[in-house]
Amino acid sequence: MTAFTSPPMDTAQAGPPPPVYAKPGFRQRLLQRLGTRIALGWLLLVLLLALAAPLVTAYDPLSGGDNALQPPLSAGHWLGTDDLGRDIWTRVVYGTRVSLAVGIISAFFAVLIGVVLGAIAGYYGGWADALLMRIAEFFQTLPRFVVALIVIAVFGASLAKMILVIALLSWPQLARVVRATVASLRQSQFVDAARVAGMGHGAIILREILPNVAAPIIVIGSLDIASAILIEASLSFFGLGEPNLVSWGGMLNDAQQYLRSAWWMSAFAGLAIALTVWAFNLLGDALNDALNPRAGHTP
Amino acid sequence: MTALLEARDVSRLFPVRGSGSLLRARRMQTAVDQVSIAVQPGEVLALVGESGSGKTTLGRMLLGLTAPSSGQVLYKGQDIAQAPASALRDFRQAVQVVFQDSGGSLNPRHTVAQSIALPLRYNRGLAPEQAEREVDALLEQVHLPPRHFRNRLPHELSGGQRQRVGIARALASQPQVVIADEPVSALDVSVRAQILRLMFDLQQTQRLAYLFITHDLGVVRAFAQRVAVMYQGRIVEQGTADAVLDDPQHAYTRRLLAATPIPDPRRQQLG
Amino acid sequence: MNSGATADAAAPLLDVRHLCVDIAQGPRQLRVVEDVSLQVQRGEAVGLVGESGSGKSMTAFALLNLFPSPLARVAGGEVLLEGRDLARMDAAQLRSVRGARVGMVFQDPSSFLDPLMPVGRQIAEALVAHGQVDGSRARVLELIDLMELPQAAQVALKYPHELSGGMRQRILIAAALAMKPALLIADEPTTALDVTVQAGILKLLTRLRKELDLGLLLITHDLAVIAETCQQVHVMYAGQIVESNAIEPLFDRPAHPYTQGLLRSVLSPQSRAHDLFSIPGGVAIAGQWPSGCRFHPRCPIMRPGLCDTAVPELGSSGQGVDRCHLSGAPEAIHAWG
């Protein structure tokens, strides 16, 4: 190749940035399926009922009356009454509070513990990682329900205890996922770049790594809410729930003798449990799809 | 003259995965074997080697990202492993990096402005408003009009544009040495020289020193004053670019030259 | 387009005529390869060179209908292999052609080798797929030998991860040549390899071409590699062929401004700092092709009114053809000064 002499170089001209094709936004992706929209609608309804319970009910959920075992569509009791004369509709509505409280608070603590421990294990590795993962394994191998049963049976029933127990049993799964994601992100070049830019370890974990872990955390979090509600319902069904609170599981417990004769005592509570758990599961699924836009995206 | 950045007799060993058990020590693999190399202020030193030569590991040690198994990494004569916090801060500010694939070295969730602002906020301690102005100035320096580019995400840029962002980020700390690890290998041919020219001009105006890690001998001659050739963890030849490329002493250097295809059909050495 | 000596003696082994490839994007069809024509003779190495977005890989996939995405398809033109049109064949006929008459080698050897199977068996699979079960073991050893890999019997028993990158690529070439095809298509076969390993592979390909009278279509972005191995070159830009010629005339007297710029951009150990040259701007993106000549926004001799409105056709210039309105004009000879 003959050697040319160069013309005056134009180092500029990076060219325009490639066009950004409009992709469906997060909300669109989330809401694109009908099932998700129904699930979200249901959850919104549950939330509203929980917040506005006194406004939409006319009776005291705990004290009964004379009108025992009235079937649905009776006068003044559109869902009927139970064996102690308590209005079913009122109890279902007040039950939302317990379910949501247990579900959300225990999931919140599980996420908190799981993220902190998982991030430490994933980022620092070494003995911290080994120790934390052994602890997580220990908790994970305990059968959730049986442990909850034992703790509450031995130490007494209360909402706070139930939330604590469920949180302690749920954090390991989240921690493992966080640990794995953090460990792999730690190797990425942009973390290297952050170190070279002068960021300390703490800042790197918070600003660079955790935002990229948010997606699996959100998904597992919502699934944790669903399973927490289910565990609570099961415990209450066995009579281990807090006695002075209305919960759907408790309603099922009350309805045991009346499964055939007064089907409405169990049916509506059971339906509420099933729909709420299903809705949270579906939400978790939809969030997973929406937060991972690469799936199905044409390159 | 004290070298700006220096590796003195550094080695780096890695345990071989799967080797070793409760009773046997794990086998170690030597990625870098007692290498000494120095970058003088304002010079361009090319580090040439193929995969497995240890050049990237050496680069990481010089950046303080990986600790050497033995030997020292010195910044202005001071061992960075022993340096007090203030000296370490100086080191962090003075030694920057441009990676091969800015797609991987830019946080996919950060905009261009956010990525460039990081060293401004941390290495130079600038307040947010100051940092914003500085980001725009840096984007201008690399010929990316801020208006169009500051809010882009990495995947919305072409390869050449991403490299420019990487360069802007490296310049943000006002460094004295930039370690460039294969900065143009992933780019199209017609764009490579744009980036090289940009780096060349910046070097002239800002008196930067470069450690240019590459496997491409064509880039070396166009850009570097000195060359070090690495093979299997060792430096096998070092010298001025002209000397090494015109009159290679070591067999591996000769093999490398012989293997490099020449864009001249009349001089086929591989056919 | 023929190199001087061999006139139109034999019909070409591969004759691609006006090939077009579309990719479905939503309701629209995006044309990523337009009007590509090229020929490969037996024993000849033809290079197809272009950067990202040029459509060169899509062209390679189109020849055997091996698109990685179901959204891509051949939208027009003919692909004649030994006289038969591959573009019109159904799946069964194509299967009988792939491997048997045409072999293909891709860029990253690791993705095309099954990590769980010894490599000898993977080469044998190519034979078995075409009905050659007997004598396959001997043929496999023969092929590994042909690839210049010592101790063929031992190599055949190894798993892909036990071999180096260069060896893996040689295994893929062996598998591609198992049924003695007449044509080998290699898409960036050495891009992922070290330069010393690349040298070995290129030497091997040239030797095979001469010994087996193999037609070779080499697709790459690396002009130096083309200079070392090919006799004919086609330069692609933005989905079209912008210049075709024999290798020496193309390097001596490139006609199209893009080719000239590309050649100037190539760095070799002989280049110097002041030789740093690059074509301003960035490569055109599919779907956003500039009007008229697709290179015009970056072209130093662009003539307003002509180059930005009229689409240039391929016309002959010297020994080759190029797609430039100003081909032959005085300013076009050294477009970049």
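Which chain is which? They are A, B and C, in the order written, and residues in each are numbered from 1.
Everything that follows uses one rule, which is that a contact is a pair of C-beta atoms (placed from the backbone, for glycine too) under 8 Å apart; a residue touches a chain by one contact, two chains touch by 3 or more.
The structure displayed is predicted, hence computed values, not measured ones.
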Chain whose Cα mean lies nearest the overall Cα mean: B
Of A-B and B-C, whichever chain pair has more C-beta contact pairs: B-C
Centre distance in Å when subunit A and subunit C are each reduced to the mean of their C-alpha atoms: 53
Centre-of-Cα separation between subunit B and subunit A, whole angstrom: 45
Inter-chain centre distance, subunit B versus subunit C - centres from mean C-alpha coordinates, in Å: 32
Residues of subunit B whose C-beta touches two or more other chains: 158, 160-161, 194, 197, 263-264
For subunit A, residues that touch 2 or more chains besides their own: 1, 9, 12-16, 18
Residues of subunit C engaged with two or more neighbouring chains: 251, 263, 266, 268, 270, 272, 275-278, 280, 282
Parts of subunit A lying in touch with subunit B, wherever the complex brings them together: 1, 9, 11-18, 20, 188-190, 192-199, 203, 208, 211-212
Contact set on subunit B toward subunit C in their complex: 50-51, 158-161, 188-194, 196-197, 200, 215-223, 245, 255-266, 268-271
Residue ranges of subunit B in contact with subunit A within the complex: 60, 63-65, 89, 92-93, 95-97, 99, 101, 104-109, 115, 118-119, 122-123, 142-144, 148-149, 152, 156-158, 160-161, 164, 169, 172-173, 194, 197-198, 201, 263-264
Interfacial residue positions of subunit C with respect to subunit B in the complex: 51-52, 165, 194-199, 202-203, 206, 221-225, 227-229, 247-248, 251, 261-263, 265-273, 275-280, 282-283
